[in-house]
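Structure below; questions to follow.
Here the chain labels run A, B, C, D and E in written order, and each chain numbers its own residues starting at 1.
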């Protein structure tokens, strides 16, 4: 078995909440003992409701946050051992909101070229060429080179964001709700692009989403998070065909697929059900 | 254009103001409504320093003697008579039956108490110069008090006349300094009936006032004093008839008041003189060179400034004293306006063009700017450093500046021993520090013989002029504007004798 | 017919000129029926909903042939007579539960305010009614909740309160503008079910605005598909899902990732972008993105009948089935 | 109402930049402010060419010549002469330099102080933010006019002292606005993106934050400029503004103050110029806010 | 809530300590107070005697601590000029200025809030433009100029109002207008923008969609939300207004804290200036603290903290 590209070992993270100068401190547990492996070429979907710890996990994987306990390993080395810029060349990140993820005062060329500008690589000319190449890869016409984000549609912006993430040629792309701010027709464009890029550039993805349909369509593996823990992890087909954890079951039940006349599924969401979900043994299969 | 319209409106407003003739409130009920710009700090005479407080104080309190401003003679006040026993002793005969405002009768004990108390350091009189010459006071009999000085003092009578009011021993023991400031009790022609500290004071004629003194027979029944810092507000109140009398009106405004109905202007020449001090002791200053100091004297067109700021044809002074003062030598070296000569002297002294000097302005608005302009035409820069008075004084005596525009009121005393020249005695207040000059000054200041003093001071003023330590400018005048029905003149000592005021 | 809208157009005055936000939109809702208005952002669905309550911004100009609600002509009714309708016979639920409630008033105050605005009852009576409704929308301990402020409640709870607020006066028609998009999927399903149940129980008509086709397929009786301010297709839910007539509708259905779609295979996507609403030309607005566009599409296309109560704004209607 | 907003500005094929010239043109207050300001700036730049006399040249015999439209006035001195016989028009023209430099200089100094503090407070948050906000509140608690008067009284009223004093006192609005804006930007994904890419703190500030704060800073700077010019005039009125004989409009008002009843034109003329300049600067600020940073209106 | 108030109070105390220190150090540099006490015509002997008597020759930090200790015990020192305890002096003067300030603030609020509400309700209409114009013109007009214009108009041309002093209610009219106009533009603008953003808020749309009467929507829902920043601003403006009274009191010959401040600076009456700065700051700090607490009462989100 090849070593996983990214591995999280017993990650626990607490936030300290503090008010004002004389405020009292309070600890809030966001992530609770998470173990996770992403193999090369995998597409791991991370699902869960808001507040389940998905975003904290993403920040830990990006090295933006040091976990309170546990370790995040990239290619077997602790994430914290990588210099900031070195890590960014291995892990790319795509944000949910293509409106706030692009600096409105920079041109597309400046935005996409920013990572290499930070690394002082190449002449402005060669940098521009690299930007052009990357734009071609994500299907952005060259005429946008000098455009500002404000002049572009949501789909085009998300392509710019993807180009920026790809310009340093990372092997792993972390996507946080990459399409939830987009219209259905544009979402399809972006999802198609991600699938295409994965094929052409042998990319590995971790996709965070609460949209079960997108997860089902896009991923090879799924991790289901509930209250800071991973309650179920397995290959996607298996999870979607035969969910083991009641919370996963609940998520699948609440998926509203196109099914005319089927009506709204009835979910049991009372306290007893929630307690049951919390206490149910987790189901984790690593490959 | 917007601003043009506004200007017209304002001009119209000013014209309208001319048309409305004021009806003066005071005449109707024989009262007098006046305003001062500066707040009256306290009515405890020995603790006040500014003119309005001293003026009101002289309404409330009497001294043993007073000075007749017309003749320069010392006349009796609380003392019926006085006799100079020796160089250091004076006997006073206390006037019988003088009443304090609280109906208490003045006795020799009150006089002895006052004189013996105010001289002590613990009493901390505001001006030590007024009291520090008193050695002791003794009661010779019920009506006679003997005053002994520490040393012969030519100014003893000047100080006693107006600057040393007599307090009631009983009231002082009861109320102290705070009582004197809040509810003063004196023997003066007016008593305080109401006041809001710092805002307004109401004086009422004291009907129990004795006859015989200068201040007797006051005509006005009530004096209402308001403190109005802003001159324009004073003007408006005067024109509205809410005030009957204001003073210290700038010459420029006086001309405009003169043409107004129901108002008149009274201009009094006073003891105060205005002059430039030239600091010869600032490090690296060209002013150390007498030629440069002379050049500055020549460079300034004093008469033109006097015409502009003091009124057409206002006389200049040539030495550092007011010509009306005893001992003021006016026959000294003079420096008439002569820019060519100034340039010549500067060249001779090797002063380069572009040399910078500083001036601390504490005097008539605009003078410093004219000086600056005059010196600039000679190639000298002059920085006008406007500072708060205390800071300015500190920096000036710290030799941080070259020139100071100054004025000096000599406590209203008509003797050169109170002129600025008397302070060039080599002490901390002496910016010149000329040892020869200081020796002369020290001798003059302790000589009792008038002729000897006069000749010594003559030498002093000639030296100052020869060495060009100052640029004498002019004596000041005080303009008062009042209802044309009011009879009231400011004294040359810068005091206002309200007890002499009358409504015609 | 509970609500009948004919020929509704809305123009917005902007700094760059007049923007035609909605053009010639017609639909109707019957008692107890759910009409879904489907479309992507900017298609004019929300502003259409607002126009029914006459809550358009000042810069908007509305024209229509008819907007009638029961026997009332909403188009000409003076503002003073419209207000008593709002929240009373005609109510609305908005998208974002986080901002839809006044942060400075208690939940109870806001709920009772609605009842007090329309009925002569005491505040205590109104509070009773509020309790009742909170129970109905699945909130336990209603008395306690009424004392709370919005920020003390979770998003799901807040949206339940917004729903309760809209139902305070038992309206005849309720307009729901994407009421669940801001919520977690599990809560979304729960709330939708609740809303649907309440609608049926109270016999309300409902206009449900959404972009989620899956959701539409579950609740709609009839559907209006909007694109660039126009109705491109309208008809019964079953007809539209089974025989989508307009190429846009079909593309939209193809773009949704769905378990029926092969995993990791490209989805159908619509090339290009929505045309500017500022300078409308008299052509089919979908022409630029339509794979089947022809010369004839440069003309204005009117709604074509596809089947019973089923219309589409496409010239190829009827032809495409044979392809 | 996101739907509506999107339909007004679909963000698809039209850009805010395209709309900008139209917004500039249609903003009346901006245009008016800009025109007046342009005139004053032109006055300042071309003062030596425009002024008929040396603004410092005194002529004591010709004191208080009224302006041409009043009796006694003449075309020699269109706006009359002041208490030292200096040509008022020339002083007004040169005075534009002083007022503008006080305004611009103060805005620069206070902008530098305030923006630096604001950006640091907003970016770092936590304790640094608390400390900076404490200083801002302390500064707000100190009465400006009183403290300015005290400082100028101590150090003397030179142009530099007045400028530094005002600059050192009027920075709190910069701090508050940039802090608020930075806090908003701080959470924006493009800042996180730059951090993920390994941008250092100065790089994040320089590349990501400052370009986005520029508009807000410019708007505050304009308003602060107006504030500084008014305050300078107020200090002059109380006798502690820039030193004589500088032809500052504030000082001219102060010098004419004594004559307001009899020669009202002495303060009306500089007053009107100051009023027009401050008005123009405020209009410009308001206009810029509408055009550049409508979000900072609240 | 209690915790919030206590915390806010602690911050206010810290703030006052900081401000008092800054003020003390700053003002102590304002020249030798002994020169002032000795008087304008005093010579060096008098000055030296005074310096020793008042202890101005001690290190500044010692003097500060000494002073602070006194202040905590209610002793603000003795005015060098007036020769009386500063505390009593300040009490008299602040009573006048606070009255003036309160009236002016009331006037400002009475003008600014309705104008702001009207303007904010219909932005970009004629009345809104008019209100904004008024604000811009107001901001551009130096207050001393405005004061003098008013005085010429109403005391000279039409002598219906007294030009100086505070003798009757009529004396208050002009100073209150001038002082109030100082704050009106800012409050008006804030009300306007607050109303605009409140009226754009979703909960207002909800309230309207629920058919609440427009008056209730406007005042109970929108204005209440817009009022939160207005409360803060108004309290801050009250502090600024007291400081702004320096010019107004100077022009109208009102002997309040403002004119006292100006005179005390001119005379380097250190204990008075220090006490004044302290009081002006205290007013600001106390009023902003009260505003914060009031806001917390109005806003349940803050109360919870």
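Following the convention adopted for this analysis, a residue touches a chain if its C-beta (ideal position, glycine included) is under 8 Å from a C-beta of that chain, and two chains touch if they have at least 3 such contacts.
Only a predicted model underlies this, so the values are computations on that prediction, with no experimental measurement involved.
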Touching chain A and also chain E, the following chains: C, D
Selected interface, B-D versus D-E, where C-beta contact pairs are more numerous: D-E
Intercentroid distance (Cα basis), chain C paired with chain B, Å: 88
Centroid spacing, where centroids are CA-atom means, of chain C and chain E in whole angstrom: 52
Distance from the mean Cα position of chain C to that of chain A, given in whole angstrom: 31
Residues within chain B bordering two or more other chains: 10, 13-14, 17, 232, 236, 387-388, 391
Where chain E touches two or more other chains, by residue: 11, 30-31, 148, 152, 156, 202, 205, 250, 265-266, 268
Overlap residues in chain A, where contacts from two or more other chains coincide: 20-21, 153
Chain D - residues contacting chain A, complex: 10-18, 130, 134, 188-190, 192-199, 203, 207-208, 211-212, 214
Chain B residues touching chain E - in the complex, by the definition given at the top: 10, 13-14, 16-17, 20, 39, 41-42, 44, 47, 49-50, 121, 124, 126-129, 177-178, 181, 196-200, 226-230, 232-234, 236-237, 239-240, 242, 387-391, 393-394, 397, 408-409, 411, 423, 427-429
Chain D residues within the chain E interface of the complex: 1, 29, 134, 137-138, 140-147, 149-151, 153-154, 226, 230, 233-234, 237-238, 253, 257, 260-261, 264, 267, 271, 274-276, 278-279, 282-283, 286, 297-298
In the complex with chain B, residue positions of chain E that touch it: 30-33, 35-36, 38-46, 48-49, 53, 81-84, 89, 92, 148-149, 151-153, 155-157, 159, 162-165, 250-253, 255, 259-260, 263, 265-268
Residue ranges of chain D touching chain B (in the complex, touch as defined): 56-58, 60-61, 63-64, 67, 69-70, 83-85, 153-154, 156-158, 239-240, 243-245, 255, 257-262, 264-265, 268-269, 272-273, 275-276
